[in-house]
Amino acid sequence: MREITFSEATLEAMAEEMARDERVFVMGEDIARQGGIFGQFKGLPQQFGLDRVRDTPISETAIVGAGVGAALAGMRPVVDMHFADFITVCMDEVVNQMAKIRYMFGGQCTMPLVLRAPDGIIRSAAAQHSQSLEAWFVHVPGLKVVIPSNPADAKGLLKAAIRSDDPVLYFEHKALFPTKGPVPDGDHLTPIGKAAVVRPGRDLTVISYSMTMHRALEAAETLAGQGIDAEIIDLRTISPIDIDTIYASLAKTHRLLIVHEAVKAGGVGAEIAARVAEEAFDLLDAPIARIGAPFVPIPFSPALEKLVKTTAGDIVRAAQQLCR
Amino acid sequence: MEYERDFLRHLYRRMVTIRLFEEKVGELFLGGEIPGFVHLYVGEEAIAVGVCAALTDKDYITSTHRGHGHCIAKGAQIGPMMAEIFGKKPGYCKGKGGSMHIADFSVGMLGANGVVGGGYNLAVGAALAAQMRKSGEVAVCFFGDGASNRGTFHEGVNMAAAWKLPAIFVNENNQWASTTPYRTTNNIEDIADRAKGYGIPGVVVDGNDVFAVIEVAKAAVARAREGLGPTLIEAKTYRIKGHFVGDPEKYRTKEEVQKHFTANDPIKNFAQKVIGAGWLKQADLDAIHAEAAREIEQAVAAARQAPYPDDSELYADLYVEGVS
Amino acid sequence: MNARPYGCEDLLRFYREMLRIRLFDLKAAELFAQGRMAGNIHTYVGQEAVAVGACQALEPGDLITATHRGHGHCLAKGGRADTMMAELFGKATGYCRGKGGSMHIADLGLGILGANGIVGAGIPIAAGSALASKIKGGREITLAFFGDGAANEGVFHEALNMAAAWRLPVIFLCENNRYGVSVSIDRVTNTADIADRAKGYGIPGVVVDGNDILAVCEAVAAAAGRARRGEGPTLLEAKTYRHRGHYEGDPQSYKPAAEIAAWKERDPLDRLKKTILAAHPDAAAALAGIAAAVEAEIAAAVRFAEDSPYPEPATVTSDVYAADNERSVAR
């Protein structure tokens, strides 16, 4: 299979969907003239024109609010947040408008809107440009939240998100943009709401997504050398969570470790752990373990930043504990 | 208008310090010594220095992602600034903030901001505090042309106008918001026109002429201290460097940039004027320049040698009473 | 009020539409006071000339966004009184099957993109709808209704700037009824006219007497023409007044009695009635007929709402997502 970068994969998804459906357009800050700050929109304006690939004013509430309005008026907008951190300045549009409009209006409309949000720690970008905020939106009924870890899913999930009649938040880790991976040819779609077992194993289940998936896979190799056979699940969608895949895995392994880059407290891991404890307690042979960032804003200094990042070593140690 | 020679020396010292500081930071960043990303204030020195020359140490400013110049102009020290930019322990924020988050409350510098348009309402709040205490300070908010389109501009300026707060909004219209030219996202020639919608004075000034800036700033400060409310100042300038260091700048030509710089370098403008008028001699300027350069070299040497923060710093400063 | 460009038929139609709103809201207020309705309502009484004047100047394909004080906007754009009343009652036959209530009525088929419980939130939605029209090359335009209070929200600024920069086919219609809940506009702004803000976006800003339906109609028609010709947005400010409390039960202690009385003197329905009778003395019978018909319509709406069933419990989880995948809405 051909190998392309995560960034190129999202670009293919955009281009294919924009070609396929005239109603799809994209707007955000700095996407047209320089192709996006991570190069993830390169070439789109040349192909589709500045009407459908729009540089906006620095006006996040108007960007998302206008996305909602355009969706109500029959378009399928994709809006870009520059950095996921800036979703905080337009929370009304995300939480009160795009998430609720369909339900509040009794199902009279759909809300085919995709919000792209580059997130995560990269090169000491500090407290306001490094966050992983995905868990906030798992708490909001009406939103779907996807968070790919590799180019194939980046493409497949973005295409699926654009075709979805529901609003989708698409979190893409900034450090993943240049990473390469195989992507199938043709109209490749990844179903929203479906996790992937990326490495089958017997001894414990490690659930992750986005950047820390890669740390989990590294850890699995180390663990294999120590005789611990980890099953690795890439969640891919965190709302709705594919709980069946998780239970099927636990039925085999009986041990659960959940890993994410986001702050551990109140994170996606907490939701999964709670559900497993409520609904599938009998499947467990050991307490559930979670790894996430400590409860601090992301510090700037590389000396401190490295302390909030999850490493493969952290995962190995936690797995060893669980399998003792 | 006549100015004291010491005052003129002070102005030159501050402007040259900013210029040399920024050039040095750019060089160090490209040399891989500085983490994160940095935005330089080269070519805009006259605005921060001119405005701050009309303020006292007690007055407040809020700054932007392009904030080194504001810090220096308000009287922050070069040493802890450079250390912060390096992510080192003696930095203003103990290495936790970095270039975009420098603050020095001892000189009324309420912080740079990684969120575009994040400073308006902090300045409004500081002005409100001054009004409620009747303590006489004014609060200045520096913001970019791009930032003028954030909703926070509107909310902050309206509230300050309605309540006649001692606030001054200083727009640095450098014609660019990252990759986006001013006129593609604004339908007006002058941002100062927006003042009409709030019933406050809106003044356009040549931002490359420190003397012109000082005069409009003095008038605005006087108005604010008399309880007559805010002023919106638009200082026209041009962003000479890339949006951040390392910006490929594909959205504009080198010639265009050079044309602006040659025609309108605020530091050259200053030198021509003071020498032409016989206020200062070239030798005075050279001496100041050398002194500033020495100070910066010292700051760099100190920052290089300074230790990184200890691991235990990770959890410190989150709350007044520590958490584990 | 200059009735000249309008024929008697037009004027009577305007009157009927305004009366529908007046009687709908007075009836809703009465039922609310009797405890027969859940939630809360914000009435439009006193402001009818704005919504009707604006919607009469629009074409059927045009779109609007409304506010928490939205009954008038919906009725003026062609909303059904019975379906609306049923929604206010939380009944299954309501516009939103009982899920929205007074502050969340929408009828996408009529181009009503929704009332909104969040002050100012409809403004960027209208800009987005206009953007859709521009990209599609459609003829339709969008009009955003919003209050004086909403004009101080950041979204106002972001949306007006964006619409001006992109010359979107949209009209921003501020209904300045002088109060945001209990706070008078003079205490929270520093200018006499919100329309002055148009200067900051390089677009026309027009003040109009919001209690003069014909003036509103003309101003909106001019702005609509501009928008359809691709000349971009207009900021209109209609000066008006709400007669009743911000919400039902609001004692309005923050309003001087003389101010209320003076504005009631300028009641938009009375004014239009006078204009009609001055120009067409023989229209008295027609006016009486309209009153009877509207009263009947509202009475029928109440009966419809009262007779309608509440939504089935199972619908509490439906409509969250387009394809109601049960697992996807698992709790």
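We call the chains A, B and C, going by the order they appear; numbering starts again at 1 in every chain.
Basically, a residue touches a chain if its C-beta (ideal position, glycine included) is under 8 Å from a C-beta of that chain, and two chains touch if they have at least 3 such contacts.
The shown structure was predicted, so the numbers you read here are calculated from the model rather than taken from an experiment.
*Asks:* Which chain has its C-alpha centroid farthest away from the centroid of chain C?
*Replies:* B
*Asks:* Could you name the chain whose Cα mean is nearest to the mean of all protein Cα atoms here?
*Replies:* Centre-most chain by C-alpha means: A.
*Asks:* What's the distance between the Cα centroids of chain A and chain C, rounded to whole Å?
*Replies:* Going by mean C-alpha positions, chain A sits 40 Å from chain C.
*Asks:* Using the average of all C-alpha atoms in each chain as its centre, how far is it in Å between chain B and chain C?
*Replies:* Computed value for the inter-centroid distance: 45 Å.
*Asks:* Report, in whole Å, the distance between the mean C-alpha point of chain A and the mean C-alpha point of chain B.
*Replies:* Distance between chain centres, rounded to whole Å: 36 Å.
*Asks:* Which positions in chain A touch two or more other chains at once?
*Replies:* Within chain A, the residues that touch at least two other chains are 56-57, 59-62.
*Asks:* Going by the touch rule set out above, which residues of chain C reach two or more other chains?
*Replies:* 154-155, 157-158, 161-162, 165
*Asks:* What residues in chain B touch two or more of the other chains?
*Replies:* 149-152, 184-186, in rising order.
*Asks:* Along chain B, where are the residues that touch chain A in the complex?
*Replies:* Against chain A, chain B makes touches at 35-37, 87-88, 91, 93-98, 100-101, 113-117, 146-147, 149-152, 177-180, 184-186, 248, 250-251, 308-309, 311, 313-315, 318, 323.
*Asks:* In their complex, what parts of chain A are in touch with chain B?
*Replies:* Residue list for chain A touching chain B: 29-30, 33-34, 37, 55-62, 85-86, 89, 123-129, 294-297, 299-304, 307-308.
*Asks:* Can you tell me which positions in chain B touch chain C when the two form their complex?
*Replies:* 149-155, 158-159, 161-162, 164, 184-188, 193-200, 229
*Asks:* Give the list of chain C residues in touch with chain B in this complex.
*Replies:* 152-158, 161-162, 164-165, 187-191, 196-203, 232
*Asks:* Taking the complex as given, what residues does chain C use to touch chain A?
*Replies:* Answer in residue numbers: 63, 65, 94-100, 104, 106-108, 113-114, 116-118, 121, 123-136, 142, 154-155, 157-159, 161-162, 165-166, 318-323, 325, 327-330.
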